[in-house]
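The next part holds the structures, each set out as structure tokens.
Look at the two complexes coming up: chain A is in both, with chain B in one and chain C in the other.
== the complex of A and B ==
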């Protein structure tokens, strides 16, 4: 495991919660041993500037990309009502094919995917070669397939049962919701009691049908017969009773006698993901309409401020509102510096001969796994990248590593305690990566004048190029990136992970205090001539790797 | 990413174009006159790009177009999709957007790949597949022909299926990763 950094999301703060950006006092991040720790830290790109809470702002079919009006989503049961189906065997998207040209007799070539041609049309899976004609499903025309299949779905016993249950219970739910003030405690009790009895009766009956041995047992004789009676009778009419179940059992018994293929029996997930119960026989499985996807608006759970508001168009990746933590908080990378005895890492990753090692964008093997040994001292570096258009001043506070009872702390961390500056983000940095840009620290110092930046002078001095890797302090400043060095001393009898929390506070001057920054948190402000200094704090967890016993 | 090391290649092994494309001399570029590279795009050694498989008929035709900041890794094959329509066999063009990374040994026969798309290694992207912006295909995924992969989702498996939605920051994240990768890809003299 390479060294890594995760950011704390304040929804798991202990003891009280708050949003990112709140003053540091009332919250702390759970320490590495805390049960909440595993859930409280995330990669920066996945975090919002407040906290999320989802709200659907639009539905679309992930295959035909049709934007489904919210009004029809419910009636269409959250699935595509056009021509999009999942293969019942492999869940691949099915294609509509015509009977022209006729299928090759040797069946080695797949049918031509083409919806213009002669009827009948059928659905074909170009992954596992399932075809709907074999399951007895063909179409007269290649459009409106869902509508043509609607009958099968609507007449399935499970759909009928569900519809009638809904019909029966919906008025009851409406009564208990619509006029809560007009209903006395007594009527609520009566209603909820009769509703409960009806549910019990329905459940017993369903159970008795599916498990015939349970029939007539433990059925409450007083179960609201009047209310349930009508529903029950209609349901009996709609299904074939236990006959279907018996037929399935017989089929399975027969299989045990003869040779059979495992694929003949439907898998559990094939029967359960549908909106109705599918056949036990794999060959009888019906294609399923593709479930819709949704685009979501996200709000802060505290202030209801909208954090994410996507554009309406289903395939647009633009947002009307997008408040990601990555746009406000400095991003932090970590490097565990290899011991001096090892080869410098730059030569390690060099290409040899004609084979350039290419790993693509996502891979970052600079921090290839390295074991930490007991009793040794290691240097590490943290690189802070400032996403803001203003320079920031950063201060770090290490949360002391917790020790097991009566024992010494497993390791000790040293990080610069004084604050240091990071230059503003400027578009130009992006394009001139290789150019060395000297930054005028004075600008930053002047601007933040009046604040205690006791370490900034030292930082400026050590900010020059070529500083040693092993010192604790600011090592390098380049564009909107500042690198600082730290040190960790591993105890002689320690084990486990070298993982510690760091509280990061950063201050910047907001030119216009009334400007919308997207933050809901009340920042700590200190008025200092002309502008306003805002301070935000957040926790990160630094993971440097696992301690291995000294050899 | 600030600690990511440069990726070195022997300088003589790559041809660099005016617009910053870097094409390996050991890649197979068939029908180069039918291929467009958008600039700052890397074509690795042993990759095969079939610009020669073009629609029948006279004149020029763009068979495969790639945007800027793309990476076609070792052993990748880009081959335009084909079908027989009304009795005529034909190839159809393949369009790939900006900031698209395709992992090693992946075979692509897609009709369209959007911007900011990451495709893993050892994948098969079937004929006429459409991959929308900011989508991601995990390593070893098989996307059957004619599949639509919507924007901002992760697909994985065989056949490739929806796994999860990707964060709203995917575009910026992948843009900066692909730019940094290009900048890290450095020649080594001699």
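== the complex of A and C ==
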């Protein structure tokens, strides 16, 4: 499994205090062994710079791309009202086709194909070749199918039942709306509570209706009354549905004895879309109207700022407002370098002016897919890419892996602890002249400093390229990417994943006074300095792979 | 193994582009269109292709058995498919990037959906009007409704190809022609 990095977001953690304005409690990301760990970490492209889901911005049909105004969405039950249907067999879109022209009796001349098409028209799936004539649905005209299907849809049992439920509950909801006036959290809860109890009463009375053949204690109909003084009796009696049920059971029994064709019984995925119990036969599957998709906007849970807002047109995929985490947080890539024995050659090629990336990549190819072995030391590189137009200073802190049950910690990670800088992002053509100069300095410093054993960069500040220890420390700076090396020592008796949390905090100087100071995905937001230097911190989990048992 | 003898018998009305990779003993019927970059390998046994078939680009037709591989009329082999069936009937459609194993025999009016991998453990003859679709290669039976319109469409398709392809591609003529 290749090494990967995931970013931590607090979207799945429960807020410690519900009082607005209270400072957030000190936060540490859950260590890899913690069960919450898996849910809190996400890859960078999926994060926004603050996050929460909300707010529908518009509905559209994925097939005809017609934008449905929110008012008619409810009326059409969230489906496309025009001629868009889903194939019940394979869930692809159905197209409207005409029937074949009648064959000439002598079959000598090819049949005349009418360009408009002959009635009756039916729906046809191009993919699985299902057609609605199998389900018995044909049309007289190729347009306005919705209208033609309207009658059958309106008389279906689930629509009728739904209408009766609506009639029953509407006065109840009106009554409960009148009672509480101020909308607070408490009353909203009681409101849903009362609606729930009404629904419960309806459900219990529906269950209490007579089932043939089942002897039960007579239930007093008065007991089913809820507090509103009315109770709901379902009009659909189970007795009337008994005949159909028996026929289906017979059919199933016959199938067991005769030849059984898997395609005859409809699958669960095909049946559960309807809200009513449907027949089990595949032949009875009806085409479904295409459900509408919606474009959503997202807001930050803390400051209610809009994070993304798509364009209103259903055809365009762009966004009016787009605050992506990748535009603000440095993107981090991890690269595993093969064990230390191969290192000298890598550093040699680096010192002679070859690009460090090349040697690392070549070595990585040779090692691709190999798991980590016990007792060895591995070097890895973290490449930080700065998306901002300002240079940033980054500092990393490793969260020590916990040792469980008194055993020694499975691995030890060493990363440079001092801060290092990453240059600002600029367009590609601006770097051309600078690059040559930078590489020369790098070579000279490498050769001057030698490959010493001093791993700390405390003496060296930003601006100087440090390469004192070939594995731990800043390895390379190129444009807006800085490579930092680290080491992981794997113990002899350890197994499992090599995963550790790292707290990354970066500081940058914000010139623009109107920049947003809203909270970020990170749990801590400290504004240091006189309001000009901004610091953000976030946790990442670095996964270097699995430790394979020594052969 | 004996070297593969190349012997192509291409009907004068067939349109076979120069860039087609043909090996072995191959017979191509009247009106068939073979697009460039198609591959027809009659390595072990000969292949006989019927009339009015359309074989599109990057199609691989291989005969692994000693017996003659017969392909019927009006079949459509869409781009990128790989066919090894020992016998194919009439009016089948093998969609884009489908792969059919040599244990399967196709009759007529079958449709193998796009991308479907059809590998069967034992010899089987697919019934007429069978449709194989979906990532799991499920199958169902087509009612046959609309086949006249489809036949008409396919004829128009091959007619158009026979008119247009020679204008832009060099043609390969058979040995006897």
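Here, the second predicted complex is superposed on the first by the 361 of 551 C-alpha atoms of A that agree within 3 Å, B and C clash if a C-alpha of one lies under 4 Å from a C-alpha of the other, contacts with A are read in each partner's own complex, and residues count from 1 in each chain.
Throughout what follows, a contact is a pair of C-beta atoms (placed from the backbone, for glycine too) under 8 Å apart; a residue touches a chain by one contact, two chains touch by 3 or more.
For clarity, every value in this text was computed on a predicted model and none was experimentally measured.
> According to the stated criteria, A:90 is in contact with first (chain B), second (chain C), both, or neither; which is it?
A:90 contacts both chain B and chain C.
> Once the shared chain is lined up, is A:314 touching chain B (first), chain C (second), both, or neither of them?
In the superposition, A:314 contacts chain B only.
> Touch check for A:293: first (chain B), second (chain C), both, or neither?
First partner only.
> After superposing on the shared chain, does chain C or chain B touch more chain A residues?
Between chain B and chain C, the winner on chain A residue contacts is B.
> Determine, under the contact definition given at the top, whether A:99 touches first (chain B), second (chain C), both, or neither.
second
> Just chain B (first), just chain C (second), both, or neither: which does A:131 touch?
In the superposition, A:131 touches chain C alone.
> Which chain A residues are contacted by chain C in one complex and by chain B in the other?
Comparing the two interfaces on chain A, one with chain B and one with chain C, the shared residues are 90, 113, 127-128.
> Can you name the residues of chain C that touch chain A in the complex?
Listed in rising order, the residues of chain C that touch chain A are 111, 113, 131, 133-134, 138-143, 145-149, 152, 155.
> In the complex, go through chain B and note every residue touching chain A.
So the residues of chain B in touch with chain A come to 1-10, 13, 26, 44-45, 71, 73-74, 83-85, 101, 103-104, 116, 118, 126, 132-134, 142, 144-148, 150-153, 159, 161-162, 165, 167-174, 176-181, 183, 185, 188.
> Which residues, counting only chain A, touch chain C once they are in their complex?
89-90, 97-101, 103, 110-111, 113, 122, 124, 127-131, 133-134, 263
> Could you please specify the touching residues of chain A with respect to chain B in the complex?
Residues 45-46, 60, 62-65, 90-93, 95, 112-114, 125-128, 293, 308, 310, 314-317, 319, 322, 324, 326, 333-335, 345-346, 349-351, 353-354, 356-362, 364-367, 381, 383, 385, 430, 433-434, 481, 483.
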